[in-house]
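Before we start, here is the structure in question, set down as C-alpha cells.
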Amino acid sequence: HNASFTQVAQDLTPLTVVVLGASGDLAKKKTYPALFGLYLRNLLPKNTIIYGYARSHMELNDFKKRISSYLKGDESKKQEFLSMCFYHSGKYDEKASYDQFSEILKKSEEKWNSTSVNRLFYMAIPPSIFLEVSKGIHDSLILKSGGWSRIVVEKPFGKDLDSSRHLVTSLKKLFMEKDLFRIDHYLGKEMVQNLMVLRFANSVFEPLWNKQHISSITITFKENIGTEGRGGYFDEFGIIRDVMQNHLMQVLSLVAMEPPVSMSADDITNEKVRLLRCIQPVRLDETVFGQYLGNDKIPGYLDDEGVPKDSITPTYAAAVFWVNNPRWRGMPFILKCGKALDERKTEVRIQFKAPENFLFKDQDITRNELVMRIQPGEAVYLKLLTKKPGLENTIEQTELDLSYKNRFENLDLPDAYERLILDSIKGDHNLFVRDDELDIAWQIFTPLLEQMEKRHLKPEPYEFGSRGPKSADELSKRFGFQRSTGYKWPGTSK
Amino acid sequence: HNASFTQVAQDLTPLTVVVLGASGDLAKKKTYPALFGLYLRNLLPKNTIIYGYARSHMELNDFKKRISSYLKGDESKKQEFLSMCFYHSGKYDEKASYDQFSEILKKSEEKWNSTSVNRLFYMAIPPSIFLEVSKGIHDSLILKSGGWSRIVVEKPFGKDLDSSRHLVTSLKKLFMEKDLFRIDHYLGKEMVQNLMVLRFANSVFEPLWNKQHISSITITFKENIGTEGRGGYFDEFGIIRDVMQNHLMQVLSLVAMEPPVSMSADDITNEKVRLLRCIQPVRLDETVFGQYLGNDKIPGYLDDEGVPKDSITPTYAAAVFWVNNPRWRGMPFILKCGKALDERKTEVRIQFKAPENFLFKDQDITRNELVMRIQPGEAVYLKLLTKKPGLENTIEQTELDLSYKNRFENLDLPDAYERLILDSIKGDHNLFVRDDELDIAWQIFTPLLEQMEKRHLKPEPYEFGSRGPKSADELSKRFGFQRSTGYKWPGTSK
Amino acid sequence: HNASFTQVAQDLTPLTVVVLGASGDLAKKKTYPALFGLYLRNLLPKNTIIYGYARSHMELNDFKKRISSYLKGDESKKQEFLSMCFYHSGKYDEKASYDQFSEILKKSEEKWNSTSVNRLFYMAIPPSIFLEVSKGIHDSLILKSGGWSRIVVEKPFGKDLDSSRHLVTSLKKLFMEKDLFRIDHYLGKEMVQNLMVLRFANSVFEPLWNKQHISSITITFKENIGTEGRGGYFDEFGIIRDVMQNHLMQVLSLVAMEPPVSMSADDITNEKVRLLRCIQPVRLDETVFGQYLGNDKIPGYLDDEGVPKDSITPTYAAAVFWVNNPRWRGMPFILKCGKALDERKTEVRIQFKAPENFLFKDQDITRNELVMRIQPGEAVYLKLLTKKPGLENTIEQTELDLSYKNRFENLDLPDAYERLILDSIKGDHNLFVRDDELDIAWQIFTPLLEQMEKRHLKPEPYEFGSRGPKSADELSKRFGFQRSTGYKWPGTSK
Amino acid sequence: HNASFTQVAQDLTPLTVVVLGASGDLAKKKTYPALFGLYLRNLLPKNTIIYGYARSHMELNDFKKRISSYLKGDESKKQEFLSMCFYHSGKYDEKASYDQFSEILKKSEEKWNSTSVNRLFYMAIPPSIFLEVSKGIHDSLILKSGGWSRIVVEKPFGKDLDSSRHLVTSLKKLFMEKDLFRIDHYLGKEMVQNLMVLRFANSVFEPLWNKQHISSITITFKENIGTEGRGGYFDEFGIIRDVMQNHLMQVLSLVAMEPPVSMSADDITNEKVRLLRCIQPVRLDETVFGQYLGNDKIPGYLDDEGVPKDSITPTYAAAVFWVNNPRWRGMPFILKCGKALDERKTEVRIQFKAPENFLFKDQDITRNELVMRIQPGEAVYLKLLTKKPGLENTIEQTELDLSYKNRFENLDLPDAYERLILDSIKGDHNLFVRDDELDIAWQIFTPLLEQMEKRHLKPEPYEFGSRGPKSADELSKRFGFQRSTGYKWPGTSK
C-alpha cells in the first residue's frame, strides 16, 4: 500500500484535471495551491495538464498571475507547474461551449499518445449552477472509454433534506456513485485522519471509549474572525449548515462509530451511516444560537456587506446530540462552532467521569480529559492528576502530552485539499462523503432548521472576540461538562 | 491536612533524635543529610536536638566534620544545623552505657522546660547488633510518659522467613507496632508515591488496570555500578534479598493492589497484605540469576574485596510472579534487578495487549506501554501509535509524555529519606512496612532462596555494562513481553 | 403491531395463493398443512383461493385427497379449506401454459369484484426448473397493477458461490428483492425467534455474551433417522449444503450478531451480513466429515436407493468458525450436524469459562452452560453449580430451567412454515434470507467444498445411532469444550 | 475435606456438651433438637454426654420429658439420645455452684478413660446474666489441658455500639477469640450458605454482580405472625436489633462482599468486615418504621402481654444501605423486615437494569430479577423475558427456575442450628460472627437507633396481614425498584 505510494507519479496514466470555476476564489485559494503541493511532492502523474474553465474571459498569463499569488514554494518549481496550466473560457449553460472545450481537451490529450487517459473534474463553482455544469460534463466531457472520469464536488450539498435528496438524485442520473467524490475537507486534516489510528491501532483507548467511562464529548470549532465581506454568501446558510452539519458531524462520526469490519472506504462509511442512524434529530431546547456584535473597531455580523440588517442567521451554534446505541446511550455529544470568537481552534475534548473510588475526597479532583487538537498546532494530550512533586501530599493537574511541533522535527503537514485531490486521483473514497451519509446527516438537522425558520427565532448576541453566547457555557454545564478554570495546557503558549 | 503541613515546625513538641550507629556510613550519607534537608525546609520542631550514639570515641568537632561532608546547602544554615548535633560514645551491649546516655538526654531535654518531649530513635546499625540495641533502647531510653518514643529501623529485616519472624517477635516484646517504623526507602520516592495518585485520582487507568487489557507488567531496577568494595556485606544477602524482596515487592504491591477502603495507613497496608497473600512463591524455573564479570578496566564481582572467590551470590535476578486474584490471574509480573548493567534506572513498564480489532494487519503494530520512571529523571509516559504525519498512511510509534524536568519549573524533589523521617515524626505509617507485610513477602521468596542454597546453583555470568544475562530477555519473551527495538523514548536523551 | 395481528383475516385484500409444484412432496407435507394451519387460526384473508399448478394431470378430487392426507384438525374445517383449493395442470417450460393459467386466475379473481387482489407464488419445485418457472411467473402471472405479487422460494439456493450468484442475478432481472421471500424454515422456529428476545429484551445476557466470558458456542443439529429413500436427492448436496450452510449459519448469525439499530428486517439483516463478513472461510483441518454405516437391521447411507455405491457425500459434519470482531475474536463456534445419530435434537449450547476466582480448587467444578433447545421440547436452561443440600460442603451440578412443556399450559406451537407464509402475506421480510446474506454465507463454505471435491476426501464412517464420528468429539475438545459426563438435564427425560 | 466428614463420629475425642440455661425455651426448641439431629446423622462423637445446667430444680426425668417434646424422629433413637442427657441445677452467680458442677463433669468424664476430652459450652441464657455465667465458666469449668473448651453464644450481642464493645472486651478477658462461637443462625441456613457457591463457583454471575448491571438489591424478611406473647422480650430490642442488624446484615455481607482470598473462615470474615467498613451509617430519612395493629380477631402489637401501651418499638423496618466501593457505589441495598405481614418468607431479590439496546420500545419490558428464596421453599429463580409462544410477536415474563422441592428427591435439609453446633465441634469458624464484624455492624446502626430514641419517633401503623407500612413500598420505588404486578412466580403456589 505504501510501497506504491511514492511511485504514483511515474506509474500513472496521463491525467487531465479540469477545474470548473477556475476564476473563482476557491480555485485560487485552495484548488491550485493543493495541486501545486502535489506537484512539489512529485505526486502528480508525469503527464498532467490542468485546465481551468470559467465564464470570465482572461488571458492565460493573467490567469496564471491570478492563481500563482497563492502558490508557495520555489520559483522555478512554480514556473514548471504553471507551464502545465491552461485556461478556457466558456458558458456554463450551453452545450456548445462544453463541446468546444471537449475538442480542446482531446487535442491536448492526443499529444500524450497514450492508450488511456484519465480526467478529473473539480467543481469549484457555486451551488446555483451545480446541476447545469454537471449536465455539461456528463453530456460532453466524460470519457466513454480508455480511462476514468471522476467528479470532485464541494459542499454545500443542499440546504436541507429535500434539496440534498434532489441534488443526489439528479447527480445519480449523470454519474455513478463510484465516480463522485464529495469533499468535506475536514476529512483531509491530519488529526482527523489520526483519529482512526488513535482509536483502532492502540489498545488503551477502546476500553475507555464509552458512556460508562466518558462523561461528555465536546467538539469545538472556533474562528477568531468574522465573515469579513463574505457575509452575503454566508447569510444564506448560517453556521449550522456551513460547519456543524458537515465538518463537525464528520468528526463526531469518526469519534463515535464502532470499529469497522475493515479499513476499506465502504466498511468505514457503513459504520458512519450506522452511527448516524442512531442519532436523534437535534432538539431546539438543547441548542443555543448566537450572532456576533461589532464594536468601535470591528464590524459586527449585521454590519457585513450583503447581510440583511434584520438577519437572524446564526454565526454561532451549540447543540447536544444523543447516540442511541449501547456504547453511547445517555452520554451527551456537545458540538459548538462559531465565528468572531476569542481564539481559533478546532478540537475534540473527551471528558471522563470522576474516579469510582473517591479516595481523595478532601482534594479538588478535576476530571481526566483526552484532547485532540485538530488545528492549529496539532496535538493530543491527556489531562490527568499527579502528586504535586515534593513533600506535600497534594494533587495537581498535569498532562501526558504529544504536541506535533515538539515531537516531530521539520514537521511539514500537507493541506487537507492536497490529500483529498490525491485520493481522488488514486480512486480512494475513504475521505469522501457517500450519498447515504449525506442523507442521514440532513435528517438529523432538518427538523431543527425548519423550526428555527418557521418560528423566526432570534440568535443570542455575543461580543466579537468573546467565548460566544453565555447560554453556550450553561448548556455544557447542564449536560455535565465541568470546566476546570485553574488549569492551562502548557501547549497553548508554546 | 496540608494546611497544617507547613506549621509542623512551630507546633511540634520538642524532639530529640537519637541516631544509633552515628559514626557509620548510612548515618553520614543518608540520615544526617535527610535531617538537614528537613531543617532547611523548616520542618523540624523548633526545639530539636540530634544525638549521635556509637561505639567509636570521637570529639564532637570531628564528628561534625564527618557528617557535614554530605550536607549540601548554604553554609550558615549548615552551621545552624550542626549546632543542634551532639555525639555520645557508648557500648551497644551494656546497660550501663545506655543508662548513662539516658541521663545526658534527660539533662539536655530539661532545658526546654516543656511538659512533653518526644524521642525518635533512628537505627543506623548493622543487623548483627540490632536486637541488643533495641533492648538497650527499651530498657533505658524510651520515655515512660510525657511524649512518644519511636523507633525507625532499616532493612535487612531478616534473611528469610524464620529469621524475619524471630526479629519481629523479639521486637514485639520491646515495642508496640505503632511505635515501629520499618523503612523501605523506595516507599519515599516521588514516583512511588505518585503511583497511588495516578491509579486512584484518575479515572482513565482503573478500567485498563487488569489482565484483560494488560499483557505483562515489568518492574526493573538497574544499577550501572558494581558492589565497589561493599561486596563483603552484599555477598551475605545477594540481589534478591537486597532489592527484589523489599523494594521491588513494595512497588509491585502498590501497582497491583485493589483500591483501599480509605487512604489511611492501615487500610493501604491491608490491601498490600491481601495482594501479597494472592502471590504464589516464586518458582525456580521462572527465575534467572546472574553474576557480573570484570574486564581489563573494571573488576568483576568476584574480584571485589570481601567476596569469596567461589561465591554464587547473584548480582542479577529476574523472576516472574503470579497474582491469583480476579484482576491479575494469569498475567505475569516480571521483576528484574541487577548491578553493573548498561544504565541506571528504576521503572515500572505496563505493556498492554494488542488492539482487539486487528484493523491494521499489514502494518507493524507495536503495543501500548505505560511507563513510570522512578529514577533518575522522574517521568510518566504512554507509548502509543499515531498516524505518521503527512500524506502516507503509515503508523508510527510516539508517546504521550510527562517528564518532570520539562513540566515543572525549578523542580526540587526531596530525598526519600527526608520524607520518611518527616513521616515518622508526624506518626504517619503510610510509607512504612507493617509486620504482616514483611512476613508474607518472605513467604514468597523463602522457598526459592532455600532451593538455591541447597542445590548450590551457579548464577549465569554477564558482562559488566551489558543488559544482564541473556536468559533474562528470553524469560520476558517467554512470558509474552514484546520488546520494540526501533523506538527510543525521546526523554531518554533529554 | 399486535392489535392488528388478529384482524389480518378481515382486513386483507383478496388473495390468490399459487403453489407451483403442487403435486410434489413438499407441497403435500409442508405448504398445504401450513396454509391449513393459518386457515384454522383465521389468519388467511376472508377471500382466499389456493391454486395448485404442476405438470401431472389430476382430477381436482384426487388432488384434494392427496393434500388432505397431511391436514390435521376438525373435518368440517378441512372441508371448508379444501373448498378453497383448486388445481391446474400445465407445463413448466411453455409460455402458452402460463398464459392459459393466467386467464383462469383472472376469471377466478373477477368474482371477488375487488379493486385490488394480491398473488402469492409459492415455489415448491426442484432447483432444476427454478429459473424457467420464475420466467413463466414473471412473463405471464405477476400483476401489473392493483395489488402485489410475491414469490416465495425454498432452498437450495445454489450449490456454491457461483451457482448462487447466477441464481440471484437471474432472479433480480425478473423480480425486485422486496417481492422475493427466500425461506430458511429454521428462521420460523419458535426458539430461533426467541433468540432475539432472549438476547435483547433481557439485560442479564448481553454482559456475558462475548469471548471474555464464553469459552465456546456449539450449535448442534441431530437427526436419528437416515436418508430413508431420499438419498438420491441428498447425495447431490450433502449435509453441509443441506443443513450447515443455511440453517446452522442462520442460527449462528442470530446468536452472534451485534444488537441491530432497530428491529426492522433490514436492520437485522444488516447486522447478520456484518457478522458473516467477519467470519473466515472454514478450514479443512478444523472440520470433520462422516458417513453413517448400516447394520443387520438398518441400511447404511450407501445402501440407500439412488446413492452411488462409492459416494463420498458426508451425512455428518462438524466444523469450527471464527468471528473476527471485538466481541468474538478467538472464541470458537462449533457447528455440528448429522443424520442417523443417537437422538433427534437441535440446540445452541453456550459454554462459559471457569470462574476467575478459583475458590473451590479441591472440588470438581464444571462449567456453566446456557442451552437453548430448538427442537424437540423447546426449552432454555442454564447449567450451574449449587451447594449440595445438606450438611456436606460439596458442590453439585443443577440448573435454572425453563421447559416450555412444563411452563406453558396448553402449549400450541405453530409450525415454522405457518409463520413464514403468514409473514410473506404480511410483507414482513424479517424471517427471510436477503441476497447479500446468501452471498456471504456461500463465501464462507465454497473454498472448503471445492477442496473436498478436488481432493476427493472420504468421510469418516460412523455407526447408525451413535454420537457420530469419533473425531467430532475430539474436535470439540481440541477447541476447549468440556463435556460433563455425570450430569443429565432432567428435562431430557421429562 | 468431605471424606473426613462422615467419620467425625468415630474419630473424635469424647465430648461434654454443657447447655447453660437448659430449662429455657431456646434450649428446648433449638439446642436439644439440633443436638438430636446431629445424633441421628451419626455426627456426634461416640462418647458424648450432654449436661443441662440451670437454676430450676428439676428431676432428670422431668427434664427429659421437657426437652423430648421437640425431638422428632424414631422413638428408640430418641431414648438412646436421652440416655446421654443429664441435668444439674445450680446458681448463675455463685462460684461454689460452678465448682460443684465441675466436680460432677470431671467424674463423668473420667469414665471415658481418655487422655483428652473436649467441652462445648452452649449459652442458652438471657443477656442479663451473660457475663456472670461467662465468668463462672472461665473460673471453674474450662479445661486447663487435655482438650479444648469452646463457648457458643447467641445474640443479642449488645444493644448498641457501646454495650457491644463492653461485652466483647469483657469476654476477651475470659476467652480467646478462637474459642468463641457467636451464632447468627441465619449463617447456618442452606440458601445462605449456597450464596457463596452461587457467586463463586459459577462464572455467569460475577460479571453481572455490580452496580453497572444491577439496579437494586432487596433483602426481605417477613413473618406472618406477631410477637405472640414474647412481646415483653421483643419490646426491649425491636425489629432492627432483632433481625436487621444481625441476620439481614449477614446476608447483605455475603451478597455484596468481594471474592475472598480463600475459603478459610478468616479470609471470608476479612472480606465481610472490609465490605461493612464501606457502608455508611443508615440515614433516618432513608428508613421506614412500622408497628402492626390488631383487629377483631387478632391482637395488635400493643395488645401483646408485656408490651407497654405507649411502646414505640418498631415491628417493621425498611432501610436503604449504600456500599461505597467501586462495585456498588450508588446502588441501593434495600433491607426490609417485619412481623405480622401477609406471608412468611426470607429472600434476596436482585433487580437488574433495563437492557441497554432499547429494541422493544413498544412493549412492556419488565426487568430481570435473580431471586434467592432462603425460606420457606428454598429456591433460586431468574425472572426473564421470552417471546410469547405462538404466532404473535409479544414478549412475556417467564423465569429460569430451580426450586429445591422439585429438583431434589427426598430433600432433607438440616436445621441451621444443627450445622452451627456441628461446626463449633469441628472448630470451623466460617459461619460464626467475629468480634470486629460485630463492631462495624453496630457502627452502621447505632446513630440511627440513637436518633430514634432521642426524638421518640412513632412508627407508622400497619394492618396485621398486610404488606407493611405504605411508605415502605414508596421507599423502594424512590430508590428505583420496579414492582411488576402482573407476574407471579409459579413456585409460589407449587
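Letters A, B, C and D mark the chains as written, and numbering starts fresh at 1 in each.
FYI, contacts are C-beta pairs under 8 Å (C-beta built on N, C-alpha and C of every residue); 3 or more make two chains touch, one makes a residue touch a chain.
Being a predicted model, the structure only gives us computed values, none of them experimental.
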Over-half contact-pair match to C-D, picked out of the listed pairs B-D, A-B or A-D: A-B
Chain of greatest Cα-centre distance to chain B: C
Of B-C and A-B, pair with higher C-beta contact tally: A-B
Where chain B and chain C are represented by their mean Cα positions, the distance between them in whole Å: 67
Separation of chain A from chain C, taking each centre as the mean of its C-alpha atoms, in whole Å: 48
Whole-Å gap separating chain A and chain B, where each centre is the average of the chain's CA atoms: 53
Residues within chain C bordering two or more other chains: 206, 212, 259, 325-326, 356-357
Partner chain C, residues of chain D touching it in the complex: 1-2, 5, 41, 43, 190, 193-194, 196-198, 200-204, 206-208, 212-213, 259-260, 262-263, 352-357, 359-360, 362-363, 365, 367-368, 370, 378, 380-382, 384-387, 389-395, 398-402, 404, 407-408, 411-414, 418-419, 422, 490
Contacting residues of chain B [partner chain C, same complex]: 212, 324-326, 329, 356-358
Touching residues (chain side chain B, partner chain D) in the complex: 206, 258-259, 261, 270, 274, 277-278, 325-326
